[in-house]
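The following pair of complexes shares a single chain, subunit A, combined with subunit B in the former and subunit C in the latter.
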Partner chain A sequence: MTSTSVTGPVTGPVPGLAGALQSGLKAEEYALIVKRLNREPNAVELGLFSVMWSEHCSYKSSRRHLRRFPTTGEVVIQGPGENAGVVDLGDGQACVFKMESHNHPSFIEPYQGAATGVGGIMRDVFTMGARPIALLNALRFGDPADPRTRRLVSGVVSGIGGYGNCVGVPTVGGEVNFHRGYNGNILVNAMCVGLAETDKIFYSAAPGPHLPVVYFGSKTGRDGIHGATMASAEFDAESEAKRPTVQVGDPFAEKLLIEATLELMASGAVAAIQDMGAAGLTSSSVEMAGKGGVGLELDLDRVPQREAGMSAYEMMLSESQERMLAILSPGREADAEAIFARWGLDAAVIGTTTETGRIVLRHRGEVVCDLPLAPLTDDAPLYDRPHTAPAKAPRLKAADIPAPEDWAQALIRLLGSPDLASRRWIWEQYDRHVMADSLEESDTGADAAVVRVHGARKAVAMTCDCTPRYVAADPLEGGKQAVAEAWRNLCAVGARPLAITDNLNFGNPEKPHIMGQIVAAIEGMSQACRALDFPVVSGNVSLYNETDGEAIPPTPVVGGVGLLAEASRRAVYSNLKAGQTLILVGETHGELGASLYLRDVLGREDGAPPPVDLERERAAGELVRALIADDGVRTVHDLSDGGLIVAVAEMALASGVGVKAQAPAGPPVGALFGEDQGRYLIAVDQAAPVLARAAAAGVAAAIIGRAGGETLAVEGLFSVSLACLRDAHEGWLPAFMAGSVNASAET
Partner chain B sequence: MRAAVIVFPGSNCDRDCKVALERTTGAHVDMVWHQETALPDRLDLVVLPGGFAYGDYLRCGAMAAVSPVMDAVRAAAGRGVAVAGICNGFQVLCEAGMLPGALLRNRDLKYVCKRVELDVVNAQTRFTAAFAGQRTAWMTVGHQEGNYFADSETLDRLEGEGRVVFRYRENPNGSARDIAGIVDETGNVLGLMPHPDRAFESDLGSVDGAMVFQSVLQSALEAA
Partner chain C sequence: MSSTFKAMVRVFLKAGVLDVQGKAVEQALHGLGFPGVADVRVGRLIQFEVAAADADEARTQVEAMCRRLLANPVIESFEVEIA
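What follows is the complex of A and B.
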């Protein structure tokens, strides 16, 4: 294990404006603090303000715009604002889920950065009383030709696996993109899905004064100090020297913490609970007291410490992992102690709630902090940052786009491109089967992962989606598309889409064109969420993803969750049988703007992304779900990157059976490689009933081919063996990771 | 049938084993905490489940091998109770000296999770009898240290005595002679890297793992 902990003490800021600036606050923010307090804060107090008012904790640039998201609906039990969102699964069961980024730490120290990202998101979920049942991740790496990329992929993947595998929660799905825009700033977004009982959801608000505040889990060390602040600043060449601000994960401690927390909750001892995530003890204690409208007194000498001589500042800002803060019901200290002892966890009552509305910290016999809570939580500045509307890329016509010289080679190139090649090398390092409820995972050929509700007939479907090249070309359409694709992937397995979590990754919001991307993407996502009844129940914002002034492609990742009432009625794309008829559902106009064909075959990154017609999207999805639920359709694949012919190839490869297809009307390059939205490929024995049902629903549907043989052929254009496609598809990533291909030559 | 599943704090397949046993054999299953020094009476089977017993930051299974409950497990095996170590459990049994050899880091140095096809090499043990004429079995593996190693003398002896019970058809981890599972000289102790507890019903992609548990059930019924 790489040692990343700090050996020496971390000094707090010097008091005054200089220290404020050094802590990441702006001069006007410091002035506001002084005005609110009517005095200058001391170093510890300044530390508290610097993390609570950081972008990461306060959402000061995005909050105004996030309000546009629809956050309510008949299935929503808890929307944004708690540790995770909660939706109703019926029968007294609830699904608790959230996604969160760990971008900056993962770039600096990929193994620990990714591992602790997984740990953090799991804590958000079990803190609410849910047992984690699945993990997903959305990863973006730089150009494969960048010398750092291979090491980052390797480190991030083993970090995700190393943590999730040990804790014993299956990693069942995700997505990975490569683009030079992430060269200096990779994205590691982790999602966790848990199950709880609807009447046993736990919240963070302290229920009243005079209750014991108990700390449990790992000891506090000097690691991760300033993590929240680091996550709120741009990168430069010096950033790798920030390694001491990366936390170190201990998945075994997390496993103990999950079991102890769930046992403590079941015992009835927990009145309120919060994990110590970003900004550690500061944000957990301030949020619990703030939300509960009470005050808090903590005695820092009682905090379990890993290193001697830690200062109050260090303890309050440490981001040591695997720690929880709970407020106990009166008189339950002994019960809690027994549970902690059984699981071998450090624990201590470190304070009490009070009536004062203030946070008072004592250390070595002195009061080192005495602040009113309101300014910390409610008075964080809320910015309406200037934003400029993004320039719209022009819509391309398929007729103007050159067809490939060699159709088979174009398909081979796409299937073996960094963005479409098989991710087997990655997901074989993730335990996808522990808990023995994974019905569909990365290996089984389904558009969404499907995990059974333990002991029930129902299952939860889940997916992570974003197409950054669309968002870059048109943030509004790209935002819509990210939501629509998640919705489509859930429909494709037969699940009823319930709600989303989002992870908004953007550059520096202080630049008007970046803020413009944020505003437009949120608007697009909101439109799609409304039209598809797919509310936002939790989320995370990661801004300042820039290195040396260069922003990442805008990447608002959507994590969607859906419900399969009867798990056996689901569809995959890996069970195509010879003799079956392939039907294309949805309309094809040949949208090649911002497509993979354009980028990876023609070397162009221009054009408007495919527009998302939300009404048609909804009609097509509802039709597909009905076909799966009522008509026994079991073979479905959504159409996305690479268009129709890539979807056909993926279905053929996953099923091990060839296809003879006809291109739909229009220029064949658009018909085959166009990335028109709202489309599905389904395969059935009898086409007529499906076509009739589609016609009745007003959804376009047409026969486009028949399964059989060992080649993929398109009438009049080309024929290629599945073996040849498989070699390209399976070959790229292992070869790249072994150092035997340099993908820059390919793209 | 009565079974016990040993629960180390970092076990993470303990529930899976309990559920698999209950569903495939109808067994009564007790969960036994690692600090216990005695096992329930009249047991037919003790399972050491998969996971990371005490975090396994040291050699996998090294700490678990000397945990309080292991004396009772060893004594049970001596009395003729079937003991099955699955994945981490196999590592613990090797570290405890109840099975020969060791499980090294995988050949590719990476964790590997995949479906594997196994040859049922010996269908005459109390853990495999239910396979009868079935020569192969599908299960899944999920481990970073599953590369079975022993000196060639030991390997020859294991093979000669019919103690190699499962072999990988495609070796996922570099394991010596493709070994996936072995029994001790008494035939009472099984170590198996693949997970029968993740392959016991068709929804999970294979039912072949159920045979392992049903074999133990069969031998329990015969003994009764």
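What follows is the complex of A and C.
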């Protein structure tokens, strides 16, 4: 064993314990490496261990708990463990999807951080053999009053649009929250949905020894070195010094990569394939060889390089974007080369698979790394971190909550609050129609985006959801609610919910109360997934989201995908017609704990979140789907943030028709603003058949109003013009971005 | 008493940062029949006048402008010339 000669600015860690600590490993982890190898690793080898054993690549804190997720079901073709999950859409078609975080890079450099997040998640999807057809984003920013927030919103939104629009995949949906808990650590979670044929799904396990390993895509530079370990470390004031690790994305290169990859797959030359994401060449090569139970020999001198004099360490850890690693079927190098040349991509055969079970790297004539693969993959530490059960917030009674002094003002305030205000300023910057299959997107007033399967009558519905204030108040109920809301949003457009991807964003798992949040949220999500037949097929964990010891609100985002067998039978909330009757489906008890009314009108963040009754959730959702599929119901809105009156207002605004409503029984503040789960608002010409069908299904349903006029009125309480509500709803975000309001999310 | 200085600011991507624009220009030049072109980097030049007590103060001001607006210090480096 000789040590590597290192040139250039990033020299890698010094060998030994000091270098291990500097690369993010713990002393006991380093001791374990030395024990497994029976020697000290050199700098390159230490680099490989530091990324493979990072939280980001090894899931060492969460893996034990993630096992509780249900991951199988009749529609599941591929569950977690591959680049993305795969579900069956029937007729030989499959949907491939995943969500992934790019939180830390987006805080450091919002444009490039968000852009490369979009690029990275797309690669996970087309690596499986799918053509990306839609993008969604779940974003969390700090308090609007924080001076950094506006710049971060602007940069992240431009970055998402810049990349997605250029690569030619529509951005069709998403969600945005503002809270001071994200001031120093925003969340950027990107989701990609793709379509593939069920018998042409590609996997990453190397099928055998003596096969060529080919690198293709963009050249390797010094960007993003140690991104995976950055994603696994807390932020502190010195993060400034970590800035050179930002990667720059090239969406036009990604477009070429999509086409070349899909063509290479169609040619039959691909035996296994993996994109180079976090930890670049290291994780892609180690995972392919490790999963296939083979070894790997790479000659790093053959890696296409953007800069002269890169060290082996730099090449193995670079996170340059738009790169892929494939193992070819024997003798197909020339075919592959022709495809890469046609698409103008850099490519090279950089090594072969072997029988040794070892990863051997050569650079400038020397062996710079020779490690058994098993310790890198299988022996990554698995922690059972101590966790304390989260304290339960007390359940609040609607009768104890003060009603607003001015009902109309309270509604105006909510509709114009940072969490409920129209996101038009954001989605107008996204190409939502490219590929020409977007049936419902951010602009059309639907609870989930709907994208047609090209050339077919069916469509895929998709949504991403989480209510962090519920999870903070009760991680178990909050976890259930995130899954239930995604399920509900899919039902609300008429889609059969199929499966979810998740993006678990939490603080430092080494703190027992944070670990307690993680454990309880996963348990709640698992319960909901089981009860709703909504398995988890892919996901991502982002821990250590803290700044100076202050954790973000727990944010387990759920990305749900559903199937509309007949795309024309779907519902939206933007086609309410004058004269129609509004029916509330589901039970209302006036749950105001952790509600938006409490936070944004009364200035209180307390109380238990609304409990999720999964049986009732399921019954209500199945009823709504049946009404859409069989009874011609076309106007549906789910009830969530802000409760019934906000849902009525959103339906009225999106449709341009007023509503005269009656508050359901109980204290009106709870009836109107309570955020009870498992509810839908539907509008129909004839109420009787709907009420009869609901009664037969054992689901509560009641007439709560009638459409017409240009005001929103609640009998005996208030009346307000739609124009006034619209001004508040549409006005906040553009005014905030223009710098003319500095409203806080908290009052 | 303040006088007026001419400031010239050159902004370039830091070494090692992928230059997407430079790459596109390089490919276009190759396509136009200039095969000898390599390592294209695209930056920008910003000129303006600034009032300051002396050249040192002008430079301090312009460098502050670079850090806050004219350059993105995360991925770009800048050079200031005061005349």
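To be clear about the criterion, the second predicted complex is superposed on the first by the 737 of 747 C-alpha atoms of A that agree within 3 Å, B and C clash if a C-alpha of one lies under 4 Å from a C-alpha of the other, contacts with A are read in each partner's own complex, and residues count from 1 in each chain.
Simple rule for what comes next: contacts are C-beta pairs under 8 Å (C-beta built on N, C-alpha and C of every residue); 3 or more make two chains touch, one makes a residue touch a chain.
As the structure is a computational prediction, the values presented were derived from the model and not from experiment.
Trainee: Going by the contact rule stated at the top, is it subunit B or subunit C that touches a larger number of residues on subunit A?
Mentor: More residues of subunit A are touched by B.
Trainee: In the superposed arrangement, which partner chain does A:428 touch: subunit B (first), subunit C (second), both, or neither?
Mentor: first
Trainee: Once chain A of both complexes is superposed, is A:516 in touch with subunit B (first), subunit C (second), both, or neither?
Mentor: Touch status of A:516: no partner.
Trainee: Pick one for A:344: touches subunit B only (first), subunit C only (second), both, or neither.
Mentor: In the superposed model, A:344 contacts both subunit B and subunit C.
Trainee: Output check: A:109 vs subunit B and subunit C. Expected answer is one of first, second, both, neither. What do you get?
Mentor: second
Trainee: Based on the superposed arrangement, let me know which partner A:70 touches: subunit B (first), subunit C (second), both, or neither?
Mentor: neither
Trainee: Output check: A:246 vs subunit B and subunit C. Expected answer is one of first, second, both, neither. What do you get?
Mentor: Only subunit C is touched by A:246; subunit B is not.
Trainee: One more residue to check, A:165. First (subunit B), second (subunit C), both or neither?
Mentor: first
Trainee: If I apply the document's touch criterion, which positions on subunit A are contacted by subunit B in one structure and by subunit C in the other?
Mentor: In subunit A, positions 250, 252-253, 344 sit in both the subunit B and subunit C interfaces.
Trainee: Under the touch definition given earlier, write down the residues of subunit A that touch subunit C in their complex.
Mentor: 9, 108-109, 112, 218, 221-223, 243-244, 246-250, 252-253, 306-307, 320-321, 344
Trainee: Please name which positions on subunit B make contact with subunit A in the complex.
Mentor: Against subunit A, the touching part of subunit B is residues 9-10, 12-13, 15-16, 19-20, 50-52, 54-57, 110-115, 140, 142, 144, 195, 197-198, 200, 203-205.
Trainee: Which positions of subunit C touch subunit A when the two form their complex?
Mentor: 13-20, 23-24, 27, 72-75
Trainee: Once bound in the complex, which stretches of subunit A touch subunit B?
Mentor: 1, 158, 161-162, 165-168, 250-253, 255-256, 259, 343-344, 427-436, 438-439, 443-444, 452, 567-568
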